Each structure stands twice: as C-alpha cells, then as structure tokens.
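Alright, structures below, take your time with them.
In the two assemblies presented below, chain A is common to both, partnered first by chain B and then by chain C.
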Partner chain A sequence: MISRKGLISIIRKYPIYTLIIIILLTLPIYAPSFFVIQIAYGLIFGITGLAFNLLLGYTGLLSFGHAGFFAFGAYMMSLPIRHTGIVHTLEVYLAFAFITSAALGALLGLICARRTRIFFSILNLSFGLIIYSFFLKFWGFTGGADGTHVPTPPLLGMKFAVDKEYWMTHIYYYYILAAFFICLAIFWVIVNSNFGKTLQAIRDNEIRAQFTGIRIYRYRHIAYIISVAFTGLAGCLWAPLNGHTAPEIAWWTYSGDIVMLTILGGYQYFIGPVIGGLVFNVFKIYTIGYTVYWMLLLGIILLILIFFIPRGLVGLGISIYNRLTHKKGSSKG
Partner chain B sequence: MSNIIFLYLISGLYYAAYLFLVAAGLTIIFGLARVVNLAHGALYAIGAYVAAWLMGLISKQIPPPLWYIIIIIAGAAGAAFVGIIIEPLLLRRVYGRLEEFQLLLTFAILLIIEDLELMIWGPYPLAFKEPYHYLGAVSIGGGLMYPLYGFVVIAMGWLIALFLWFFMTKTKLGIIIRSAAANKEVTAAIGHNVKSIYTKTFILGATLAGIGGAIVMPSATAQLGLGIDILVFAFAVVVIGGLGSLKGALVGSLIVGMTRVVGIAYFPEIELALIWLIAVIVLVFRPLGLWGRE
Partner chain C sequence: MILETQNLRKYFGEVHAVDNVNFKVKEEEIVAIIGPNGAGKTTLVNVITGYLKPDGGKIIFMGKDITNASIYERIRAGIVRSFQLVNIFEGLSAFDNIRVAINSRERKEGKIFSLIDRDTTVTKEALQILDLFGLPKDTLARDLPHGDRKLLDVATAFALKPKLLLLDEPTSGVSTREKNKIMDVIIPAARKEKVSLVVIEHDMDIVFNYSDRIVVMHQGKILFEGKPDEVREHTEVKRVLLVG
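Right, the complex of A and B next:
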C-alpha cells in the first residue's frame, strides 16, 4: 500500500492528473446525466485508444480497421442474448468478448503481423469491412442494418431495481470507470515491461532489433492480439451503455475516428489516447448538437492538429507548461 | 443461359469501367507521391455533383447529343478544380511526413468535402437521368434488354485506359511523371520542376475520378456519402492490383467488377466480404498486390 506521505508526494507531482481523477470520481454528483453518459462513452473510447495506441504509438503500426474489432466485441454481447434470450451477468460477456477478440486477433495477425506501413493499414481496413458486411448482410443472424437490442445486464451478478438513467449515470458509470482504471494499469504495465520496450525497439529500428535476436513478427503478432482483444472488450463495455449494436459502428470512418482521437490526445504519450477519447467524444456530441456541419468542423480541427499541434493535446499541454515554468526561472535569474 | 452470362459480363464490365477511373487516379497519385488519398472518393462525388447540377441548369438549352460531352467536361473540371486547391495548399505539406499524418490529412479533406457538398447542394440527392433514358435499351438476346448508356460507360472506361497507357508511355509529361516516381532527386537535377509535376499528377488523378463520378451519375444519383462508399471498392481494386500500378488498377477493377456481379447474383450476403476475401488472399501470396512495387 502507498503510505499517506507517498500519496501526497504523488499528488504534488501530478496535480493535473489528480484533479482529473477526482472529477471523474465525483462527476455523477453534480454533472447533468447527459454529460455523465458522454464521459462514460469517452472512457470507453479511452480504452479503445489505449489498445489502438499499443500498435500506433508503441509498435508503429497504423490500423484503419479498429472500428471493426470494436463492433465485433459489441456483437459478442448482443448476439448471444439475441439467440438464447438469456441475459447473464456482464462479466460473462466481457470474458467472452475478450477471448473471442483475442482469437480473432490471433487469426488475422497471421496475415497482417508481417506487414507494416500502408499495407498494414489497408489490410486492417479490409478486415474491418469484412466484419461490417458480415453484420450487415446476415440479417437473420445479426439483425442486419437495424442491429440488435442489448438489454441492461446484471453487474457482478447483481440486478439493480433502478430506472435506466440512474443505472447508466450512477451504477454503470462507476463500473466503466473501474474497468477503465484496470485497463489503464494493465497497459501501463505492458508498455513499461520488457515486452513493451521490445516493441518500441522494433518500432524504432526493425533491422537492428532483428539483429539482436528479437523475433519481430512474433512480438508484433502478440501486440496485435492484445490490441484487438482490448478493443473488443471496449466494444462489449459499450454495448449495454448504448443499448443497441448496429453494423455502422464497424464502418471504416469510425476507424478514422479512433485514429483521430488518438492523434488528438497525442500518440507519443501513454495518456494521450485517453485524453483524446474524452475530449473527442464530448466535442463531437456537442458539435453534432450545435451544427449540421460537424464533419466540416472536425475536418478543420484535424487540419489544425496535423499542421500546428502534431503532438496532440498532451504535447501542447506539456510545451505550454514547460514554457511557463521556464519563464518563471528566467525572470528569477 | 448464355445470354444471362452475357448480361453478367456486361454488368461486370460496367462496374469495372468506373471503378477503374477512380482506382487509376488513386494509384497514379500513390505511385508518385506515396500518399494514399482517402479523399479520392470525394473527388468522384464532386464530379457527380457538378455534372448533375450543371445539367439541371442548362440541359434545356442544349441538344441531347451535347449532354454527354458536357457531363464529362463538367465532372472533370469540378474535380480538377478541387485538386488544384487541395494539392498545393494541403497535401504538398505532408509529403515525406509520417503515414498516419498523410492518411489523417486526406481523411480530414474527405470530411470537409462531404460537408461542403451538403452546404452547396443540400441534403437531397441530385439526379439528371435524361442521358440514360435518351439512349434507350438494346436487346441482348433471349428477351433481355440492356441500357445502351451502360455500353457508353464501358467504352469510356476502355478509352481512358487506352489514353492513360498512351499518356504514360508515349508523351513527355507521362515519362517525366514516371521518372519522378522512380527517382525524385535525379528528375529535379535534370531540370524538371518536381513540385509542379506532383500538382499535375494530382490533378490528373482528380480529373479521372471526376469523370468517373460524372458518367455514373445519369444511371444513379449524386448523393451524400457517395465518396465514402466508392472508396471501399476502389481500395479493393488497388489492393488486388497493387498500389502504384495502372495495369494492376485495370485488372483489379475487372476482378472486383466481375466478383461484385457474381456476388450479388449468387451470394448476396457476402458480396462485399467476397471482394475483400479475394483481396486478402492476393495479399497473402503477393503482399504488394499483383503488380505492386515497394
């Protein structure tokens, strides 16, 4: 356990993150329901971004098909319910979605773990589209374009006798928050482990990594499996929040959204995709509510990101922070 | 039975013709600039929109045979105009940058063009079907009819394929483009303006997509999301044929066009999946596509 002194020093060292965690923990008390639900979505996209960024930021592979894996995870919850009519506790589906997504990643990784650059991107785009067309066209099995309803599942085996809004904003919100922190911790361990460092070595110099005896394809394959599995897990968390799964979430422009939120937050930073996921979702929802030309606005913001802040919001924050502290130092000296 | 097969064949050639126009532009741009243009489908949509919009304005004043020429010119000009704006202003800045930024930039352009279409032409589909009906249909035996306009589209596709082959191998500009694709520095060193070659190539690619959109428009409509939908098929074409290869784009569009027809007729559930399964199989054996180059 962390001692009280240790805790205080952590808070002093990372005041912004402490503030964010406190806000996230207390949000349902004072924020309107709509906003709380959007933050819940944002947390799920944060998990997706973490999983996606294990490939982009740490392995140097850009996937344009992660929306397909996200949808796959969501359908791993809605399809069993649709066909058996029995609603188990959510953990059963999370485990199921995680395992099946990992298996999917293992299978697809056989084809794409040996490819890099644009070929990896397009291969994943095609996998995503195959998943999309499967959910769309096999309407007898999947519900087709109408999608499939997802009932409110019990959590940890417990049913809650509350209305749906309260369930989403107070009970399921904390469930997602807990899942988010667990995933955050898992990814922190992964990227700082020997495995994570090896991935970064492969990313930086494939040939040199190979010369030191690293089996680069195996490492890429494992990273790919982890990424797909956690993306599927995020999709499964998303399904009961959304209450509905439809094939459109597998469409490739949603993969573009995942790429975008990761770059928005800053893909060179561990926490980047999380910040990106939260900001992107809130921003997108409010612009859609405010104007019909939200895609135009997103496009323009994307241009600004690419040309002026390529290191994302986290990178921008760090450079502003550095400049402020630097000024303080120089005025003293 | 044989006339049914003939019908499939023509339908497949029809899909292939306009897919080739989109995929050829995509592949020419990639071959030189090494950028995969996610906004390429949007240029196709621009071609369809401009042609439909212009014909809606002036079709009453001009004789029907001129329609076909004006549609093509309008589509080509519309897409070329957008190309002239986006290449020097935006795309040029990301050559040589990380791929994720190139893809994101073209994705941003796609989003912006989609909404500009909504802003300019409104949310309802634009249609101008007269050229399609004017030519009527011809009998292809066994009591089956096929619209003559379909043959016009097929002929246009092959004509442009022929033109591209001639342009790339016999004209000076085409040879300079190929030399710049092979080695940018040497091409610049022997006195060619590489920047303007990039712009011209992009405009050529955009024009091809615009023509594709314009000639399909009379048999369909210009509508939102068109540019996003077509790209899925154009990608399949260049993945199968190999990015950067015109021959690949031609063969790839024939494969995708035929697969689509057979898929719709016999396996409607997996039509799209079938196309991408072929793409994946090709990639397993030939990672760069049939005629792709690193």
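Right, the complex of A and C next:
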C-alpha cells in the first residue's frame, strides 16, 4: 500500500490528475444525471482510445476500423441474450467479448499485421465495413438495422432494485469507473513494459528493429490483438449503458470519432486518449444539442488542433502548466 | 575463419555491385573495407547481413551455410550490423535504445507484464554501455548531436554482443577529432569482447591506424587485400583510391 506521505507527494506532483480523479469519484453526488451518463460514455471511449492508441501512438499504426471492433464487442453481449433469452451477470459477457475480440484480432492480424501506413489503415477500414454489413444484413441473427435490445444485467451477480436512471448514474457509473481504472493500470503497465518499449522501437524504425533481432510482425500482431480485445471489451461495457446495439455503431464515421478523440487528447501522451474520450463525448453531445452544424464545428476544431496544438489537449495543458510554474522543457503526461 | 563468402554476386541490372567476391574474416580480426563510392562495399554488407538476397554464391558463417537464412536467424547466430545512414530509434532516449537491444539479445523483448524500469540487470548493463560510449542517458535519440547519433547506432549494435560486427561508415559526417574518438571506443571494445569487426571506412588515416587487414573493393570486385603497409605501398590501389 502507498503510505500517507507517498500519497501526499503524488497529489503534490500531479494536482490536475488528482482533481480529475476526485471529480470522477464524486460526480453522481452533484451532477445532473444526463451529464453523469455522458461521462460514463466518455470513460468507455477513454478505454477505447487507450486500446486504439496502443496502435497509433505506440506502434505507429493508424486504424480506421476500430468502431467495427467496438460494435463486435457490444454484439457479443446482445446476441447471446437475443438467442438464449437468458441474462447472465455482466462479467460473463465481458469475458466473452474480450476473448472473442482477441480471437478476431488474432485472425484479422494475420492479414494486416504485415502492413503499415495507408495499407494498414484501409485494411482496417474494410474490416469495419464488413463487420457493419454483417450486423446489418444477417437480420434474422442480428436484428438487422433495428438492432438488438440489451437488458440491464446483474453486476457481480447482483441485481439492483432501482430504476434505470439511478442504476446508470449511481451503480453502473461506478462499475464503469472501476473498469476504466483497471484498464488504465493495465495499459500503463503494457506501455512501460519491455513489450511496450519494443513496440515503440518498431514504430520509430522497423528496419533497425529487425536488425536488432526483433520480430516486428509478431509484436505488431500481439499489439493488434490487445487493441482489438480491449476495444471489444469497451463495446461490451457500452451495450448495457446504451440499452441497445445497432449496426450503425460499426459505421466508419465512428471509427473516425475514435481517431479524432485520440488526436484531440494527444496521441503522444499515455493519458491523451482518455482526456480526449471525455472531452470529445461531452463536446459532441452538447454541440449536437445546440447546433445542427456540429460537424462543421468539429472540422474547424480539428484544423485548429492540427495546425496549432498538434500535441493535443494534454500537450497544450502541459505547456500551459509549465509556463505557469516557470518550468522549462516538457514533462510526460 | 568466422565468415567466408564464396563467389558472392549481387547485380542491379547492368550494375555488378558485388561481383564474385570471396571475402574472409578471421576470428577476432579487424578488417577494413575501402574503395571509392559505388564500389559495392555497402551492398556486400547488405548481402552478408540478409538485407538483400544474393544472386549467386554462398555465405558461410562459423562453418554453416547461411546464404538463405533470415535476418532474424543471422542476428541470433551473431551477425550484427550498423548502417551507413544513422538508423536508430529516434523517439526513444539513448538509454532506451540500448535497453531495447539488450532485451532483444536476452529474448525478453516481448514481456508484457515486466516493467522495463524494474529490470536492474538490464538497466545496469545499459548504463555501462552508455558510459563506455560517452552518451547521455535521457536525451531523445533525435535530439543528440550527429557524432553521438553515430555512436548510439554503434552502441546499439554492440549491445547485441555480436560475434561478427559490420559497421558501415561509423564515422561518416563527423569531424576528424570525433572520428578518432569513435574509433577509440569501438576498437578496444571489440578487442575486449573478442568481436570480429568489419569496418567500411573512407578516412585512410583511420583505416591504416586501426585495422589488422584491409580489403580494397573496386567495381564490385576485391582489387587487393593485405596488411595496412602492403596496401599503402600498392600502386594500383593508390591510383583507384585517388581517382575514386
């Protein structure tokens, strides 16, 4: 366990992250339900972003198909319920979604782990579209365009006698928050492990990596499996929150959202896609509410990002923080 | 003999980059390959290390035919190279460049749940190598000055503990003073670790000072080979190198 002194020094060192954690932990006490639910979605997109960024930020591979894997994970919950009529505790589906998504990643990785750049991106775009069409066209099996209803599942084997809104904002919210922290810890370990450094070496220079005795395809493949598995897991967490799975979540514009939220947060930073996930979702929801031109707004913001803050919100935050505290150079996020 | 090529050939269309070359390296020997630009030096190294497939001939390493071995197999057998143009992991610190190489050598580059900072043996060895080459620890490779980048390139190859190390112009683009500094690190380290070393080098002073044997290449062929003194006296070699 961390000692009290250790805890205080961590808080001193990372005041902003401490503040964010406190806000996340206490949010349901004072925030309106609608906002709490949006943050729950944001946390799930944060997990998705972490999984996606293992490829983009750490391996140098840009996928345009991750919405397909997210949808796949969600359907791994809705389809078994649709066909058996039995609702197990959520963990069963999370495990199932994780394993089947990993298997999907293993299979598709055979095709795309040897490709990079535009070839990798386009291959994943087509995987996403194939998954989309599968859920759309096999209506007898998947419910087609109408999708499939997802009932509220027991959590850790427990049923809660509360209304849906309270369940979402006070119970499932904390469940998602816990899942989020676990995923955050897992990804932190992965990117700071031997394997994580090996991925970064491959990203920086695959020829040199090869001549250092690194089997680049094998490790790209493993990174891809991990990424798809956790994206599927995020999709499965999303399903009961949304209460419904439909093919449109596999549509390529949602893959674009995942790319965008990661760049918004800052793909060079570990925490970037998490901040991106939270901000992007809140931004999207509120601008859709206020203007029909939200796509235009998003486009403009993306332009600003690329030209003026290429290191994303986290990069921007760090440089502002450093300027305020008169620190030179950049520290890691 | 640790390495021996037999009638090794590599053609690029009309260009006979490597033309029936019989190139030999003895155990613990330091061999320099010299020759004018376009002589085929880099191509010879590319074929030996598996970067290019030969069009003909054989490569024998420690008694085994490795002509068709993969890059990975050659590295595991102990053949390591550096590149003519700096080829390092630009986004990683010098320290991490070395640690990645050590991890690979120790076959623990794929461990997902062991934090790289927790590995004290690898950390210690990496720090020793950085110290040996006089490199800073935390500077990102891309922010290092050119001389240090060349050194890091060599240090990374060194960290793999090769049996045969091929360095393609390890001192190109640095000042004479720095050239000597680089060679003064590489040569004693190679002697100490009993590495057979092949160095492609342009600077004649360096070549004559540091090598046991010199191989002169010209138009894809070995023109002459011998001790530094023999090469110095050879008129044909002088002509080629001056014209080169």
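Simple rule for what comes next: the second predicted complex is superposed on the first by the 326 of 333 C-alpha atoms of A that agree within 3 Å, B and C clash if a C-alpha of one lies under 4 Å from a C-alpha of the other, contacts with A are read in each partner's own complex, and residues count from 1 in each chain.
Everything below uses one rule, namely that a residue touches a chain if its C-beta (ideal position, glycine included) is under 8 Å from a C-beta of that chain, and two chains touch if they have at least 3 such contacts.
Quantities reported herein were computed from a predicted structural model and do not represent experimental measurements.
A.B. asks: Have a look at where A:125 lands relative to chain B and chain C in the superposition and call it first, second, both or neither.
C.D. replies: first
A.B. asks: Looking at the overlay, what does A:137 touch: chain B (first), chain C (second), both, or neither?
C.D. replies: Once the two structures are laid over each other on A, A:137 reaches chain B alone.
A.B. asks: Identify the partner contact of A:198: answer first if only chain B is touched, second if only chain C is, both if each is, neither if none is.
C.D. replies: Only chain C; A:198 stays clear of chain B.
A.B. asks: Once chain A of both complexes is superposed, is A:298 in touch with chain B (first), chain C (second), both, or neither?
C.D. replies: After superposing on A, A:298 lies in contact with chain B but is clear of chain C.
A.B. asks: Name the chain, either chain B or chain C, that contacts more residues of chain A.
C.D. replies: Touched residues of chain A are more numerous for B.
A.B. asks: Per the contact definition in the header, classify A:306: touching chain B only (first), chain C only (second), both, or neither.
C.D. replies: first
A.B. asks: What does chain B use to touch chain A in their complex?
C.D. replies: The touching residues are 36, 38, 90, 93-94, 99-101, 103-105, 107-112, 114-116, 118-119, 228, 232, 235-236, 239, 243, 268-273, 276-277, 279-280, 283-284, 287-288.
A.B. asks: In the complex of these two chains, what residues of chain C are touching chain A?
C.D. replies: Contact set of chain C toward chain A: 49, 51, 71-72, 75-76, 80-81, 83, 87-92, 96-97, 99-101, 103-105, 108-117, 119, 156, 160.
A.B. asks: If you look only at chain A, which of its residues touch chain B in the complex?
C.D. replies: My answer: residues 56, 62, 64, 111, 114-115, 117-119, 121-123, 125-127, 129-130, 132-134, 137-138, 252-253, 256, 259-260, 263, 267, 292-296, 298-300, 302-303, 305-307, 310.
A.B. asks: Looking at the complex, which residues from chain A come into contact with chain C?
C.D. replies: Residues in contact with chain C: 189-190, 192-198, 200-201, 203-205, 207-215, 218-219, 222.
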